[in-house]
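Listed after this line are the structures, all set down as structure tokens.
Consider the two complexes below, in which chain A is the common component and chain B and chain C are the respective partners.
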Partner chain A sequence: MTSHEPATDTLLLDVHDLRVAIPSDSGDVMAADGVSLQLRHGEVLGVVGETGSGKSVTCRALLGLRPTPQSTVSGTVAYPAHDVDDVLSLPPRRLRELWGRRVAMIPQNPMTSLNPVRRIGEQVAEAVSASGGPTGAAGAARVLELLHQVGLPAPETRLRDYPHQFSGGMLQRTVIAIAIAQKPDLIVADEPTTALDVLIQDQILALLLSLQRDLGTGLILVSHDLSVVSQVCDRVAVMYAGQIVELAETATLLESPRHPYTRALLGALPGAVPRDQELRVIPGSPPQLVGLGPTCRFAPRCELHEQACDTWPTSLRDVGPAHTSRCRRATAASLPSPTPRHQETQS
Partner chain B sequence: MGSSVNLRWSRVANLVPVLFGITLVSFLLLRLVPGDPAQQILGNRYTPEAAAGIRRSLGLDQPLLQQYWLFIKGAMTGSFGESYQYHRPVGELLLDRTGASLMLVGLTAIFCAALSIPLGIWAAVRRGGLVDQATRVLFTLGFALPAFLVGIVLILVFGLKLGWAPIGGYGNGVLSHVGHLVLPALTLAIPFSTVLVRSLRSSTITVLEADFVTVARLKGIPESRILVRHVLRNAIGPVAVVFGINLAFLVGGTVVVENVFSIPGLGSLLVGAVSTRDYPVVQAVALVLAVFVVLVNLLTDVVHGLLDPRLSVGVQR
Partner chain C sequence: MSTPLLEARGLSKHYPFPRTAGQWVRRAAPRVLRAVDDVDLTVESGRTVGVVGETGSGKSTLGRLLLRLERPTAGEVLIDGVSPEEAAPARAHQLRRDVQVVLQDPYTSLNPYLTIGSAIEEVLTVGGMTSHEERRARVAELLEQVGFPAVWSERKPGQLSGGGRQRVSIARALAAGPRLIVADEPVSALDVSVQAQVLNLFQRLQRELDLAYVFITHDLAVLERIADSVVVLYLGRVVETGPADALFAGPGHPYTQALLNAAPALGRSRSTSSAVTGELPDPASPPAGCTFHTRCPFVMDVCRTTRPALTPIAGGLHAACHLHAGSTPDPQAASRPQPVTPDPGTPATP
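After this line comes the complex of A and B, so read on.
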């Protein structure tokens, strides 16, 4: 579906038609429903969406993680550079190898990302020594090097602490140290700053990006904050109700969004709207991810909604160079403005 | 550090009123139930005059409060008086009998750990699998079956049919003691383990879903090491609490089981003493068992604190 070719020969990540179904009492919750995307080496991809849009589950599935043991995951997640055709059907041994050396994850809440009963140093050392890394004195030196690298103050003494003696920011630095211990090719950061104080958020994000640049790591940055993502990402995928609704280079997405949901998100950004105008909110709330059809899932909240939208099966279509959208009304030239009728009812 | 130490000392200080209450209740209950030590001692030779003489010599003719005070005073100095039945100091009897009971409880604890830790973790990892289903059924059974019935079934099968283990008594020498205690300890451990297995299963499931387990998995370390290093130690804390709560149940069980298997422990001493109205022995054994329960509860607290650094370093979170 996506026509743009990556710059390098081998992609880091190639996802095709990823679906994650989580059984529930009211039917299967489709947390990811036909997600396809690609990532180049060293690229930073933002994944944006509201809470419950499936971005977290989707990104964990990229690492071969299931939300629950009962969930079914289909589609393919390939790591072409590492000869992995599909991480979803990888035998446990090879999956562990991929986890240990090639990929890493930074979960949302640093308070729960570290084992409360093991010392900080021990937990970093485990990441260092896993997959045949250095142990003993060499391992300890590497642990210190990592903790210095992530800017943990006084690591020589703090590595004997337990996680509950650390602040949220220090914990997230430690989690980042664990993530980069094996110099992975891909880091999935699942809202890495959401649980932190505002002042700390910027520090952690800056740290993550400088490490990403130094190591040449691919980074998938999951966020519900479009302003954060737009500052740091090469490309942005906007997710709604388990699907990617628009995917484009960051600048393109910001300047000429081709999906009304993206446009609405941009309109809700404090910086994007002149000071004398009110921030726009998106009316309604996202749908439950159970029993949704092939038609547009944003239709009930959409200002461009037409009757034809209710019968038209959506798919990601090219609307420009390296730019895809699911909106029926999006064309390469433009996305229509809301009808005047809509404007009148407001005044 | 200071606050946690204070916390522990305040727990120890709490023991005093608890133990005081237990002595009071056991003392009063004994005197409320019908029956007369003098009658038990005299048996066929009973005459009202002889009985009155015995009561006077045992101090049973004095007011209740006075008797209680004498008992407390004695207990404080480690003297529990003399058994009416055995004509020996109660302290000596306790020393004779405590070893067997402690060994029984210790062996039971080992069996409990050996049964419930692997089963609980297995049931959690393979949810809905054979072990999970089987322990669910056993949980109901183990809870419903009284200890003496489990004991009698074990005696029948392993003692009489298969002849693998002695069916009663205590033997001579430590090894023989252990051999004699296998069936009684299993009798206690099987129902007790069902509770522990289910509680370990549920706490393990909670821990398995924690982010730190995912972070650990992504380090590429084998699943077995994840279970041992990251899951077990976090999952076992809540089980220690369940263990402490159910400990009184275990001690009550030893009383029954020692009688079923004729083990010369505190439990069988207690049952014998109750039926002969051997007041000093009953009071002393009740006190010892109470101290034991309270101490083990305190010990589980300490162990819980050692397992979880958040509890031992103080209130800072």
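After this line comes the complex of A and C, so read on.
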């Protein structure tokens, strides 16, 4: 292990009741609404959700970033291992100390996350030298080491290139080099492979996972693709309409989902359903994230919906060891199957 | 044997680069990008051919060639054994209507100012349906076929979700009364639950209308679900083709094996090594010999110099790979449940 003490007992990240409100003409859009989660050192957490589920907004808030200057962010995002009680109330100077060294981000589109008019080497050097890191010859050596580490081919010559001379996979490798330059304890990767071809996606996931294991870094992998997340992550959080609806260890989540949304998502995956069966379709569409109450947000589309669901305020409840769900009808033993009446209305 | 619905023979599309000054002086031929190179493809009535490949593999160009949106550099596309270019005008018109398209991005493929009813009606007008009432009735019927109430014909694309728009695109393609739809990444832009809805729709329409599809996608899970046969493209050339069942059970070409290994499978814990190393070579200057040799875990000397031809291997598949050339097909290869993984000694990254 490196200089980081893998203090397995302390939490790396502790998020409590995170809410992100984006003002709009029709009221505040609650992009994240009461998100709580914890991450241990060296753990890999997946965050899955469809478009508009709030997964990106949530992850950016972990770095103290808000979607627009007018947005309000409440709740706490603590990094207990670094004596940071709440990222959201840190002054900008302290935030800059945190970024890179404690928590780094890999944004979704590598094409737009690098400066197009500066050489690759300069941009990595900037990350290396930030917060008093090495400069000059030592800095240059570290840049090369990093580019080797992320598997960039021929880094000695390629570091003089500009971003437009790189392929998507090479750009993503560069962005990863920048993210690990200061040896952060946590990497937040927001859809890091979505823009890439399947073979390159495979390479980038292999790289992320091997770096995560070598460096002992915590990793939060945000993706719309449950297959990707299930391959890489220790635990998975499923988001719907700004909330985590289910959180469990990966195998548990796949084998015995305790939220109807998770179960429906699993049934909709082309690779997971036998060919002679129809794919599951979730009727309707997600709600507008304005003025929603405390009751279940999935209820209008849910195959298990009962009248009682419309008045019951949801919260993440324990339904098993390290397994929580927002569904009123989920129990530790099971999630009920839909009654025939429901199945009819679903088709 | 009956004539296939659509047959492409030796289809090529080469895009020349502008000649450099030096080439101009020497009167040298300009360099060309071989987007599609000598591709054969057969579509039987009511069946689905899946075309899979990475960015730059030429799969979209192939689709455009089948649709006659591009003129091939070489080769021909026959419908019912006839080339529309050579058929009488009325017959040619009908042959063209037999093949329709559904594009990837439902946000840019529909006119935002037209109601979805008039977008579909336009196709009927062009098709020679002169009676307004008849067209209206047909629009209502088409909307119903893709799961919309008829009253939605007055809606604009902006009022629909991505999945809804894609269903309109399908209805519009159906309006021409096609026997074949070329669908270019039709579900790639959609969330998984919506993707399921559109895939189900494709499959239902195939059963009801006996439609054939050429389904172009990068997503193997989608292909495994929908395709009867598969064409795997790499840098413009077919590297493997054959029945989907055999291909997914035991792919013969290392590239197909890599694609299958790299495709994220639900719950299969992944390793820190990747299926192949290296990136797609520049399509404008592809490697000599087998174009996959720069990334292939089984590369041999012959691969660097000689291009392998498509040869029959087990399971009715054809693969362009020297591993199969000159030897009898290895029956083990086809029944192997898991594709061969690269040598574990291979480093995780290049």
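Methods note: the second predicted complex is superposed on the first by the 333 of 347 C-alpha atoms of A that agree within 3 Å, B and C clash if a C-alpha of one lies under 4 Å from a C-alpha of the other, contacts with A are read in each partner's own complex, and residues count from 1 in each chain.
One rule holds for everything that comes next: a residue touches a chain if its C-beta (ideal position, glycine included) is under 8 Å from a C-beta of that chain, and two chains touch if they have at least 3 such contacts.
It should be emphasised that the depicted structure is a prediction, and the values quoted were computed from it without experimental measurement.
Participant: Once chain A from each complex is brought into register, does chain C clash with chain B or fit beside it?
Facilitator: fit
Participant: Based on the superposed arrangement, let me know which partner A:217 touches: chain B (first), chain C (second), both, or neither?
Facilitator: Neither: A:217 stays clear of chain B and chain C.
Participant: Classify the contacts of A:270 with the two partner chains as first (chain B alone), second (chain C alone), both, or neither.
Facilitator: second
Participant: Give one of first, second, both or neither to describe whether A:109 is in contact with chain B, with chain C, with both, or with none.
Facilitator: Touch partner of A:109: chain B, not chain C.
Participant: Of the two partner chains, chain B (first) and chain C (second), which one does A:325 touch, if any: first, second, both, or neither?
Facilitator: A:325 contacts neither chain B nor chain C.
Participant: Of the partners chain B and chain C, which touch A:228 in the superposed model: first, second, both, neither?
Facilitator: Once the two structures are laid over each other on A, A:228 reaches chain C alone.
Participant: Looking only at chain A, is it chain B or chain C that touches more of its residues?
Facilitator: Residues of chain A touched, chain B against chain C: more for C.
Participant: For A:252, select first, second, both or neither according to whether it touches chain B, chain C, the two together, or no partner.
Facilitator: neither
Participant: State whether A:178 touches chain B only (first), chain C only (second), both chains, or neither.
Facilitator: The first partner, chain B, only.
Participant: With chain A as the corner point, what is the angle to chain B and chain C based on their C-alpha centres after superposing, as a multiple of 10 degrees?
Facilitator: 80
Participant: Give, as a whole number of angstrom, the minimum Cα separation of chain B and chain C in the superposed three-chain arrangement.
Facilitator: 9
Participant: Could you list which residues of chain A make contact with chain B in one structure and with chain C in the other?
Facilitator: Shared contact residues on chain A (touching chain B in one complex, chain C in the other): none at all.
Participant: Touching residues of chain A toward chain C in the complex: what are they?
Facilitator: Interface residues on chain A, with respect to chain C: 50-51, 150-151, 153, 167, 169-170, 197-203, 205-207, 209-210, 213, 224-228, 230-232, 250-251, 254, 264-273, 275, 278-282, 285.
Participant: Flag every residue of chain B that touches chain A in the complex, lowest number first.
Facilitator: 127, 210-212, 214-223, 229-230, 233-234, 307-310, 313, 316-317
Participant: Give every residue of chain A touching chain B within the complex, in rising order.
Facilitator: Residues of chain A touching chain B: 60, 63, 65, 69, 92, 96-101, 103-105, 107-109, 112-118, 123, 126-127, 130-131, 162, 164-165, 175, 178, 181-182.
Participant: Would you tell me which residues of chain C are touching chain A in their complex?
Facilitator: Per the stated touch rule, the residues are 54-55, 161, 191-193, 195-197, 199-200, 203, 218-222, 224-225, 258-259, 261-280, 295, 348-350.
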